[in-house]
Amino acid sequence: MHITVWNEFRHEKKNPKVIKVYPDGIHKVIADGLHEHGLTDVGTATLDEPEHGLTDEVLAKTDVLIWWGHMAHDEVKDEIVAKVHQRVLEGMGLIVLHSGHFSKIFKRLMGTTCNLKWREAGEKERFWVMNPAHPIADGLNDHFELEHEEMYGEPFGIPEPDSLVFVSWFAGGDVFRSGCCYYRGQGKVFYFRPGHETFPTYYNKDVRHVLANAVNWAAPTHGPKIPVVNAKVPLEPLPPYED
Amino acid sequence: MHITVWNEFRHEKKNPKVIKVYPDGIHKVIADGLHEHGLTDVGTATLDEPEHGLTDEVLAKTDVLIWWGHMAHDEVKDEIVAKVHQRVLEGMGLIVLHSGHFSKIFKRLMGTTCNLKWREAGEKERFWVMNPAHPIADGLNDHFELEHEEMYGEPFGIPEPDSLVFVSWFAGGDVFRSGCCYYRGQGKVFYFRPGHETFPTYYNKDVRHVLANAVNWAAPTHGPKIPVVNAKVPLEPLPPYED
Amino acid sequence: MHITVWNEFRHEKKNPKVIKVYPDGIHKVIADGLHEHGLTDVGTATLDEPEHGLTDEVLAKTDVLIWWGHMAHDEVKDEIVAKVHQRVLEGMGLIVLHSGHFSKIFKRLMGTTCNLKWREAGEKERFWVMNPAHPIADGLNDHFELEHEEMYGEPFGIPEPDSLVFVSWFAGGDVFRSGCCYYRGQGKVFYFRPGHETFPTYYNKDVRHVLANAVNWAAPTHGPKIPVVNAKVPLEPLPPYED
Amino acid sequence: MHITVWNEFRHEKKNPKVIKVYPDGIHKVIADGLHEHGLTDVGTATLDEPEHGLTDEVLAKTDVLIWWGHMAHDEVKDEIVAKVHQRVLEGMGLIVLHSGHFSKIFKRLMGTTCNLKWREAGEKERFWVMNPAHPIADGLNDHFELEHEEMYGEPFGIPEPDSLVFVSWFAGGDVFRSGCCYYRGQGKVFYFRPGHETFPTYYNKDVRHVLANAVNWAAPTHGPKIPVVNAKVPLEPLPPYED
């Protein structure tokens, strides 16, 4: 299984607070976390590379794409978004993180605004498991927590998830559907909330555990294609029909 | 409740077979069907009117929009689609019919290809009720049928419906999820399969019954908006946090 | 529409704290709340009446049944539970409140343990709307709250709801799926969390608003029956088959 | 992974037509099919064994239980059903086949009647894939078929599936949700329609492929337990509360 971690990689070049936490970029730390879980075939790609690092070759070999973006969603070229979209619908897994809720690719896949509330108060976030039978909850306790995170609050402008795995509690009084699974075409999409750039979220062992589970869940299966087909000949004989 | 029936209204101007069935346009016959069910505040709008008949004023007063399109999806202006999209997410009901599965508005709301198989063999279509508790199945028997329809076949490239009300059986050997409900933002969307332009589908009493039920189901409710909000102040006091 | 409010009505006879809040029983206060919303055809029934007040006659005329029970779930006779179960599957709406999660009827309809965490600390509960398009969220803001309630926490041992309308935030660190919709047979079921007997929850205007919305949503529609039928004769001719 | 194939094993002792197709019992042929797919740790259990072959020891070591029953559902002891139920809610996968829709265990897990139509006309059944992204559709084409099967028809008295993988087309004019996934507690349940005792269904390569996929999907994961817990101490400090 080949995983590509895509990162906008801008905050980590300008913001001293972010540089301190992620000196080599968020993508590097996410990839390290996957390595810990035996997922070793991991590449990275970033916004400022040619084609955002998502060449046809890279997309073709990617089984699961992880997406982190925030301040430069608009700079992601529409043609690259279209290719990622097509690959997801053809089976490539997609894991969208945190502020990626406003990425072009996530909004296109959801069909909704993906709006939400937010608050940067470094408050506690506690993730509660809603669906203990789901593979993404494998090996978890009933909850885990992050001492400091940005808050995201409901209502969150998404379709009802095909499975809701986590809901977050925030100390400041909000809740959020923080782990959402979707089937789209032949592909699987998981939105996972945490990961504000100023907090060491992607070093956290539970977050890494969830990411590894999510990659395994989102890995491509090989169901039938969904083509546009003029099925001229019926599979069964039809009675005569006068047009 | 104000309903607007939108129709591309092109087939009915050129194709003698269609003109014979729908001399005043599909929209006229759909509107007649709604009248029969006591839904009397019904307007129509068509592609070739200015702004496709969907001015800001019309959209603002429309509670439920019905959409029939086929050969000219690409001629629907992106800016009008964007307005309809926004109105749906703000609560306006949307009922997408038949070949409208490939309309810009439906594809944008679904986020998927909306691909499918099709066959024009005038074969029998039988609609089976999957969810007898759903308001759209109110007053129906376990199935109803249309003697001659175009076939649509699976796999259909849509998200799993939030409720699946009908599955169609086709004489030629196919099945199709022919009545699909979705919540999107503050709005409700219903995809209803039948209605090929060469068949008198919208004169059928069961089809009319379903359309009336669907309009009533999709009528706006007034839940909370889903804005982007910087919720600067937490609702509950937070412990001190050193950034 | 005829509504029956069923209450165990035991706490209100022995516990001075409860008597103070609900001197005439929880059912009386729930019924009062429905009256406020124009739902005036409301009867009540309680555990210690003959057949728990749920005679065949009462069940036959009830469109929506509201259920509050806690300390005496085991005293509800299996034959009455079986009748209520059958009526729900035939279309009667059912609204299960608070500790009713452990009622025989709810567990039978869910097929799961319906286990949960709880804590009586009189803490704040804040209800967040998850599905702003759902009729049960009609007229609500993005949240409402109760100053003091018993806490229920996840994981909650229920099937994933067909629509999740509310998630509660609790001051002590928990979340809970507090408004859950289910289609079951021809009927609709809504689980609504709040209503511990020592708190004046059913006097609260938002809670009453939700209950009225829920009754309207759960009202019977008249979809097809789901019988056991030997459909000896196929609807379409079959090719010869040698057994 | 240890799989147990449970079979009523009565038809195969009395009905010459069934004996001809399944001389050593349906369970034997199902187990053979799993072997072909590399699932080799497979035991069997049948109704007439002590404790129906489902001793505590067998249940404790079973990861996925496959269930075929028909004429003797009522002879399955309630205490065994209760144990199977508990094991499913604790994580054991369950695959219910064909007439097992009326088994005590399936009805208990669904909470509904599980009623349906049926017809023994040896007609063609064609399985269409609805969710090409689901692991149970892995490696399949858009449809597969069985030349002769018993028909099951809608409406089927089940909860809406958490994912609908297959819908069957029947030559005689019916459709059926023939592959239905459910999460229940920590466990996963898959209902798979085909397998009438007089047809060689479980020798079919596509059916065997689906069964192997289903076993892998239903295999236990280790999410959190869903206990009844008095969580006396809040995770977060609460303001003082005067009872």
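A, B, C and D are the chain letters, set down in written order, and residue numbers restart from 1 in every chain.
Operating definition for what follows: contacts are C-beta pairs under 8 Å (C-beta built on N, C-alpha and C of every residue); 3 or more make two chains touch, one makes a residue touch a chain.
Since this is a predicted model, take the numbers as computed values, not measurements.
Put simply, the chain farthest from chain A by mean CA position is C.
Counted by C-beta pairs in contact, the busier of A-C and B-C is B-C.
Once the centre of each chain is set as its mean CA position, chain A and chain B turn out to be 29 Å apart. Centre to centre, using the average C-alpha position, chain B and chain C are separated by 32 Å. Centre-to-centre spacing of chain A and chain C amounts to 35 Å, using the average Cα coordinate of each chain. Residue positions of chain C touching 2 or more other chains, listed in rising order: 126, 129, 131-132, 142, 153, 155-156, 160, 162-163, 170-171, 173-174, 183-185, 224-226, 235-236. Chain B makes touch with chain D in their complex at residues 126, 128-132, 142-143, 153-156, 160, 163-164, 167-170, 173-175, 177.
Contact residues on chain D toward chain C in their complex (touch as defined above): 17, 89, 108-113, 115-119, 121-123, 148, 151, 153, 155-157, 159-160, 162, 170-174, 182-185, 198, 224-236, 238-239, 241, 243.
For chain A in complex with chain D, the residues that touch the partner chain are 91, 124, 126, 129, 131-135, 137-142, 162-163, 171, 183-188, 221-226, 235-236.
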